[in-house]
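In the two complexes that follow, chain A is the common piece, with chain B as its partner first and chain C second.
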Partner chain A sequence: MLEAVFWANAGIAIVSALACITRRSPVASALWLIMTLFATAVMFVLLDAHFIAVLQVMVYSGAIMVLFLFVIMLLNLGDQSATDMKGWFGRVVGLALGVFVMVELWVITKVVPVDQIRLPAGELNRMTVDEGAIAPVAQVLYTTYLLPFLLTAILLLAAIAGAVVLAKREV
Partner chain B sequence: MLLGPALGVSAILFSIGVLGVLIRRNAIIIFMCVELMLNAVNLSFVALAQQLGTDGQVFVFFVMTVAAAEAAVGFAIIIAIYRHKETLDLQNLNLLRG
Partner chain C sequence: MTPELKGFVLLSLIKIVVVFSVMMVGVMMVIWMERRVSAWKQDRLGPNRVGPQGLLQSVADGIKNFAKEDVIPEQANKLLFVVAPALSFIPAMLTFAVIPVAAPLPVDFDFTVPILGQFVHSGPMPMMIADLPIGMLFIVAVGSLSVYGIVLAGWSSANKYSLLGGLRASAQMVSYEVALGFSFVGVLMLAGNVTLPEIVAHQQDSVWFVFALTLGFILFFVSNLAETNRLPFDLPETESELVTGFHTEYSSMKFAMFFMAEYTHIITGSALVATLFLGGWDIPFTSWDSGDPTVLKSLLTLAFFAMKTLFFIYVFIWIRWTLPRFRFDQLMQLGWKFMLPVLLAYILILGATVLVLDSIGWSSGLPYGAALFVMNAVLVYIVFFILDNNRLLLGRTHRKVGT
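After this line comes the complex of A and B, so read on.
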């Protein structure tokens, strides 16, 4: 049952991603990308990452994709008549390189470090049932990764300031 | 166990993102393909977190933060370029070409 849901969403994600890179209109591309992000969120739930799935829907499908659509609207790119695809030579080279990357990654996925597996099967699911969806993530985030977590706050502040400075007409 | 399938799907999604960056010329769509690649990497992080502990999910959290920051700054740059050149076609942005 779980596997069937997983494969269905994997199919939706892959088809939507292909539609995203082939649609001519940026708005259509953005909407297909949102579809991919939602399907990935479902896969996150099936992989026992409920909190990350919620974040995915809120941050990616919500905030970031709204930003994309907002910029497309602001620059008035909605109805592009001319395609921005490269010529057939560029497409063939792109396809060859894409297939090459996929083969490489496929080989890498086959060498999973089995001896380093720390959690027994179903352990994360049991932790989620016992402690809730957020506690297992927060436990690590606020202890082991406290300094990186605080640094992301500075990063976001820098990004806010940088975006304002770059987008202003007169600084 | 969904680890193998998840890593495979992640590889396919990442390659589609690479393909998109290679065949498109619109800056915004290339940006979307970069987000697609980040998302594929997140999927493999989550899949491995199921077996190696929740550290992987924390990394996904950081990747999302950096992606949000990157989107904000990237769009500011895109808007500045559009204001300057009136186009987002990367073929017309060739100031650095010798």
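After this line comes the complex of A and C, so read on.
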């Protein structure tokens, strides 16, 4: 049953990702990307990572993609064939990057990750039942990974300040 | 499938069908209620011809909408134009799946159907469709998706007013989602969990969060109004400047679907406020309802939940027919420059208070709630009377002449 859900979702994710990069209309591309993000969220649920799944939907599908659509609609981008991959050089670079990602994915399936980032099967589900869905994530985020977390926060703060400065030229 | 799983699936299907039907009838009743209440507020009669007191007016309107011609503009993006009403309707319905509407109902059955096999269920059944471990966050996530229906409707109509409505909707929803998310945090901090049954249980142990989190409650309700696109925040569909904005081009049943989505949003929004801040299905002044589940308990708690929800539905309508609409820059200022800083400071103060109360050993019960209420009363006074400086709350008439 779960396996069927996995395969169905994997199919949806890949087909939507392909549609996202092949559609001419920017709005259609954005909508297909939302589908991909949604299918990925379902994958997280299948891995018992409910909190990550809901964050995926909330942040990416719910906020960032809305802003994408907002900008696309504001600029009123029509059916254009604008692409970054111009000429033979662009195509070759694109192909090389694509092959690189495929190799990376293949390597990841072969390599066994270090013990620190692995949980035994069913462990996450047990933790969710015991402590709620958020505690397992919050626990490591605020203890083990506190420094990277704070650095990311400062980076984001700097980005926000930078965006405000850029948007408000006269300051 | 095991007999237990079959029993679970059967119960879930029944719950889905019941909730869906109740919501649909509820939407019709709320539409009728809004028209009657607005008429009452404006000293008119309102619909009172179809059925007793005009109760069947919405049915008549539904039939009318089915019979009307369905126009799709020539320039429109056909697929998105057709899908958009459903996209705004479905998230509104989905939210209700995680709201517990009553105390758990004891359901025991064990029967066998010739082809399908044996169905077994024993013990209390939670009175919600899905008891997800992420509970409340599911509501935020699904709520954040409801903007797509409006945005895509505005874009696919190929009409500049609709497009502007869609743009406004996206900016407004993203802004107020931030405020909505932060006003949730107080509830999270007190309840210690995100699942709605636990939030209800925690309110039964101490006090309703409307007392322990008064400021959070007010700000949550305001951002809830903005998320449902109701007045005074219905800028995506201002009829005076945008010709009803995102649904200008919609007619017949597609328009009716937007209409139904709005009222479904009102019902789910009210149910959510009732659950988070008014104790959900809790019956006040008694702990009888949190004991062993019985059928009577479920029915009574359901009645209390319905009353609380109905109260907030009335408040939604009341606000719509009382307050004028915001201007768009005022809306953005309220969201980003007022609500967000206030909420951030509130979370900080609340966290400190909870820490202090925790260190003296109070974590539930009446004194704990009373202490939080005092803290909130002070904060509400500071925010609405000192910081506000009579601008928002008391209005122009209370200001000195010439200022």
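Methods note: the second predicted complex is superposed on the first by the 132 of 171 C-alpha atoms of A that agree within 3 Å, B and C clash if a C-alpha of one lies under 4 Å from a C-alpha of the other, contacts with A are read in each partner's own complex, and residues count from 1 in each chain.
One rule holds in what follows: a residue touches a chain if its C-beta (ideal position, glycine included) is under 8 Å from a C-beta of that chain, and two chains touch if they have at least 3 such contacts.
Model, not experiment: these values are computed from the prediction.
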{"item": "Touching partner for A:A167 - first (chain B), second (chain C), both, neither", "value": "first"}
{"item": "First (chain B), second (chain C), both or neither touched by A:L74", "value": "both"}
{"item": "Contacts of A:I21 with chain B and chain C, given as first, second, both or neither", "value": "first"}
{"item": "Contacts of A:G62 with chain B and chain C, given as first, second, both or neither", "value": "second"}
{"item": "Touching partner for A:V5 - first (chain B), second (chain C), both, neither", "value": "neither"}
{"item": "Partner chain in contact with A:L47 - chain B first, chain C second, else both or neither", "value": "first"}
{"item": "First (chain B), second (chain C), both or neither touched by A:L150", "value": "neither"}
{"item": "Chain A: partner with more touched residues, chain B or chain C", "value": "B"}
{"item": "Partner chain in contact with A:I134 - chain B first, chain C second, else both or neither", "value": "second"}
{"item": "Residues of chain A that lie at the interface with chain B and also at the interface with chain C", "value": "51, 55, 63, 67, 74"}
{"item": "Residue ranges of chain A touching chain B (in the complex, touch as defined)", "value": "2-3, 6-7, 10, 13-14, 17-18, 20-21, 26, 29-30, 33, 36-37, 40, 43-44, 46-49, 51-52, 55-56, 59-60, 63-64, 67-68, 71-72, 74-75, 77, 80, 84-86, 90-91, 93-95, 97-99, 101-102, 105-106, 108-109, 112, 116-119, 121, 124, 127, 136-137, 139-141, 144-145, 148, 152, 155-156, 158-160, 162-167, 169"}
{"item": "Residues of chain A that touch chain C when the two form their complex", "value": "27, 31, 34, 50-51, 53-55, 57-58, 61-63, 66-67, 69-70, 73-74, 76, 128-129, 132-134"}
{"item": "Complex contact set, residues of chain B against chain A", "value": "1-20, 22-26, 28-29, 31-33, 35-36, 39, 42-43, 46-47, 49-55, 57-58, 60-62, 64-73, 75-80, 82-83, 88-89"}
{"item": "Footprint of chain A on chain C - complex, ascending", "value": "77, 80, 132-134, 137-138, 140-145, 147-148, 151-152, 154-155, 163, 166-167, 170-171, 173-174, 177, 192-195"}
